[in-house]
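You will see subunit A twice below: alongside subunit B first, and alongside subunit C after that.
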Partner chain A sequence: MAEKTVQIRIKRQASPQEGPRWEEFEIPYRPGMNVIVALRDIAERPVTVEGKSTSIVSYDANCLEEICGACAMIINGRPRQACTALIDKLEQPITLEPLSKFPIVRDLQVNRQRLFEDLKKVKAWIPIDGTYDLGPGPRESPEVQQEAYPLSNCISCGNCLEVCPQYNDHTTFVGAAVISQVRLFNLHPTGRMNEGERLEALAAPGGIQDCSYAQNCVKICPKGIPLTESIAAMGRAVIKHTVKKALGK
Partner chain B sequence: MAKNIIIVGGGLAGLSAAIKVVEKGYSVDLFSVVPVKRSHSVCAQGGINAAKNLKGEGDSPAIHFDDTIYGGDFLANQGPVKRMCEAAPAIIDLLDRMGVQFNRTAEGLLDFRRFGGTLYHRTAFAGATTGQQLLYALDEQVRRFEAEGKVRKFEHWEFLSAVLDDAGVCRGICAMDLQSMEVRTFAAEAVIIATGGNGAIFGRSTNSIACTGSAQSALYQQGAIYANGEFIQVHPTAIPGEDKLRLMSESARGEGGRVWVPRDGKPWYFLEEWYPKYGNLVPRDVATRAIHKVVFEMGLGVEGQQAVYLDLTHIDAHELDVKLGGILEIYEKFVGDDPRKVPMRVFPAMHYTMGGLWVDDEHQATNIPGLFAAGECEYQYHGANRLGANSLVSCIFGGFVAGPSAVEYAKTAAKAEVPEQVFTAEKARQEAINQQFYSNEGSENPFVIWKELGNTMTANCTVTRYNNRLQETDAKLQELGERYRRVNLSDKTRWANQAFFFTRQLGNMLVLARVICLGALARNESRGAHYKPDFPERDDANFLKTTMAKHTASGPKLEYAAVDTSYIKPRPRKY
Partner chain C sequence: MATATAETRAASHSHSFFWRRLHSITGVLPLGAFLIEHFASNAAVLSRHPRQNYGEQVKFLNGLPFVLALEILCIYVPLAFHGLYGLWITKQSEPNALRFSWWGNWAYTWQRISGIIVLAFILWHTWTARFSGVSLPDHPFQSFAKMQAMMANNWIFAWFIIGITTVCYHFAYGLFLFVAKWGIAIGNTARRYWTYACWIIFLVLAYAGLASALVFRNHWIYPIR
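Now for the complex of A and B:
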């Protein structure tokens, strides 16, 4: 009996200057495999299904437990983390492609620097006075903690941006992940003191008015973050802030 | 000269150091192989220790200090550990002020839970993703400084070496862009290394891919002393996987989880039976050896497999979601079962590097002038076994000491004009090494060598150690080192070549593996995580001392240094 195998098609691109090409691989199946194990198998024997030697496949990965956000890619047409993509649950041949909304580096590796830059635009931090000992932080009810904590689980993977019709290289839209971070920091008792700055950043071009409410983001988020709730809440907050400011309050 | 400090590594230790350096008026060049928000610190789950005594139990930093020293089997120098435990409560307050979403009590105060090796509720936590939440808080503060122009990030850069002048003083680093593959040197008044643990040497572990130990090994080969390399923590509870052994936090037991195996048709809670005082919360080395005994010696692994049950099913599902949600999700996603309903199957896995670059007691300074180290890459806070939830506090405290120490050094060290030749020579040396890999015509696949390295290290240098097997392991490591010289890059391109970088790291892993193996071979006693059945007792007369490994052409040369036990007299460790 033939050994059970896994068929994988990978969209390869040697560099940003070169065009993409597809390569197919067939590797031995083992129970419990995920896409990362499959890519490592290929690295141990980088030979295509036609028997041609090739280079190992480049991809970003680090923690392998869906908490670092590194290994996002498009798997069978759906953006997701490769580490939690179990082979048993994927239809074959499995297709792997890089995220399309970010500049390609090589193969499945892309440059997601824009996501981190956009966090600067909205001042996604608590502006503390300094790290010297100033005693405990502000009290917070368990209810507020339970509202804020899921928002702070964002792993900056970029999957919500990949599926967003408004996020691309000719807009400046910051996208759901960053909008949700504004909600997180504006919920915090100290962060709230600077909520105006963050809301003004969201009122500016590339901010919340660019959202078309397609609601793809919330469906794709691997961490189950209530992104559309965040967008709605920040939409209301931006309007309230803008009106108050117009009235000189 | 610009007032500039280089920090290599952007996990908790590196980011903590960066914040302190900026506060002291110096700027930071921060290097990392991954965007710093993706550093391995995100994997820490259960919490961070500080004796804030918010549960009315009479806990204190002095008891935290005693638990830590005792848990580490008296191998840690006591001064730095004492200072860390005293600083811990203020560190928690600071993180709270930075906006970390710690779990709260009904009154709105920080909630605390129990962890291994203590009888007190001393561990603050943010669900079961505390490391992620702490890292993000520090990442946000550093992003704020970056926006102000005080921190420059070099993400996706690989550290290759320190730039040392003719007097052996560290004057900067040599690094390589993971995309363009350009080799560059960078000058700094001081350098802080915060590059984490070395799990990749064991193939599969709970560590992230970036935790290769490559930077520490490179520095060791440049003359930095590597201390207590043989002390490797194996965590008792992880989910076995082919690519990674995924941690199931000790907090599962802190919240009441019970470990058992079926015996005579009934659950046998062997930890509770063997250790009535601490039960499921004995320190990790003790729990790991107990699980090995039950599985390998008594043959009682679940369904004959290498597995025991970690059971949460008796705890209220909502409480589990609030306190342990993150790890339950990991188990569900990777195993497919719901731990609220069925007991989890777990097994021990390599987890933490207690040893590391030697640093002095006061300043986190290595023996190379101008080179500092903080976090898991250095050796000093955990002795022979780290207590759960002490790693996050040691990373942040170490960074908080290293940052100001580096600035102080920069201000006071004798300034000398560093000849440009010092930098060009190091760059040329590294480029020559790179060229060697490209021109190599051998037939060895680096990923295959790595697999053999991991298998042999896991089999012989983790839970139970025998001298004959350690000798065989060292011979195997030397054989792998020979084969490594014939390694062939499957990819000879010069753009974002991951095979190339992995191959470079692998060479450093092979060197450091010998330090671990030979350190273990020489230490004929059992202490903390280092266990030899042929030498089952702790031997303070001969081995209450720090292993100090120095690199030579023929392998590590081991020397020993006395341990400072001036606060707590060593006593037998019996849980």
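Now for the complex of A and C:
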């Protein structure tokens, strides 16, 4: 009896300068395996379906439980996390491609620096350290916790940017994830103290105005974050802040 | 290197928040308001005496105080800005509705396609109806016959149908976008209801526009005097 196998096609690229090529692999099936397990199995024996020995496929992965965001790639045409992409639920041959909106490093590995720089631009953190003990911050009400919790699930995977028609080389758009992080940190009672700075960053070039509301982000988000709601909420906050500031108040 | 490119790009449109929001609001006011006024005026033909009533409308509008200033400031200037800036926005986009065919993504893509069609239609329509042929401000009661003569041509009539339908779509979906982007409706439920409302606005406007256009075709021919 023939052993059950898994067919995988991978778009490979040795370096940013070289052109991409496709390689096909066939590996033994194991119950419950996901794309990361399949990539590890290929790494154990990097031989293509034609029997040609090849280099190990490069990819990013870390937590393997959809928390770190590192293993985002395009699986069967859809950007998603490789760790939660179960082989049983995927049509074969499975195609793997790197995210297209970030500069490629090698194979399935991309450089997501633009996303991290944009998170820095909007100060997506809460400054709590001083030169002395600042004491406890204000309490967060359960209502605010309810609103903030889903937003805090963002893993900065970049899937929302991959599907966004406005996130490309012509714009400096920060994208849905970053806008939603501004909402999260502005909801926090201590984070609110820097509300203005974050909103001004969202009105700067590449800010919230570059969103044209195609609403793809909310469809693809693996964490179910209400991104379109965040964009609408921040749209209101930014315009309010901008008008108030322009009128000198 | 990547950052240097980003900075150069950023510097080239440093006021984009202001211009994008201005683009958004000009689509509603004054352009959307004028669209509704225009369709309401055209609906004067949906009466027992279309030629007379249509002429009265044209006469009334041309008799408004400061009509030329109104025309320039409330129509031509915002239209030029909205159209040209819209083309620039379209140039920056990379539509992907064929790959990710969710309705919102199609609506986004159609907003750009319809924008280009509408701009072409409005330029042609303004030229043919306002700036060439019989001068309507001077001869308001020739309006009906002028439009009728134009629409007697099947191709031109089809072009009118395309123009009317796409402008209604562009305006109705633009209203949805306006409410979403300015944060007027934040919650998902509110935005869903507003989507339905915008579809109704689209249907009502398109019905009014197409019904008015049909009158020019179905009515007996008035000669241009």
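As a convention for this text, the second predicted complex is superposed on the first by the 243 of 249 C-alpha atoms of A that agree within 3 Å, B and C clash if a C-alpha of one lies under 4 Å from a C-alpha of the other, contacts with A are read in each partner's own complex, and residues count from 1 in each chain.
Please note the rule applied: contacts are C-beta pairs under 8 Å (C-beta built on N, C-alpha and C of every residue); 3 or more make two chains touch, one makes a residue touch a chain.
All figures in this text were calculated on a predicted structure; none of them were measured in a lab.
Residue contacts after overlaying the shared chain place A:Q166 against subunit C, while subunit B stays out of touching range.
Using the contact criterion defined above for the overlaid structures, shared-chain residue A:T5 touches neither subunit B nor subunit C, since it reaches no partner. Counting the residues of subunit A that each partner touches, subunit B and subunit C differ, and the larger count belongs to B. Of the two partner chains placed around the shared chain by superposition, subunit B is the only one that A:S141 touches, whereas subunit C remains out of contact.
Legend: residue contacts after superposition of the two complexes on their common chain; A:Q215 is shown touching subunit C, with no touch to subunit B. Judged by the document's definition of touching, subunit A residues 113 lie at the interface with subunit B and also at the interface with subunit C. Residues of subunit B touching subunit A in their complex: 19-20, 23, 34-35, 37-40, 42-43, 90, 93-94, 96-99, 101-110, 126-127, 129, 132-133, 136-137, 140-141, 143-144, 146-147, 155, 179, 208-210, 241-244, 246-247, 322, 326, 330, 333-334, 400, 445, 447-448, 451, 490-491, 493, 495-499.
Note for the complex: subunit A touches subunit B at residues 14-15, 30, 32-34, 36-37, 40, 43-46, 53-56, 58-70, 83-84, 86, 105-106, 109, 112-113, 116, 119-120, 123-128, 130-131, 133-142, 145-146, 148-149, 152-153, 155-156, 185, 188, 190-191.
Subunit A makes touch with subunit C in their complex at residues 77, 103, 113-114, 117, 163, 165-166, 168, 170-172, 203-216, 219-220, 226, 228-229, 231-239, 242. Residues 2-3, 6, 9-11, 13-14, 16-17, 20-21, 89, 91-96, 99-100, 102, 104-105, 107-109, 111, 177, 180-188, 191 of subunit C touch subunit A in their complex.
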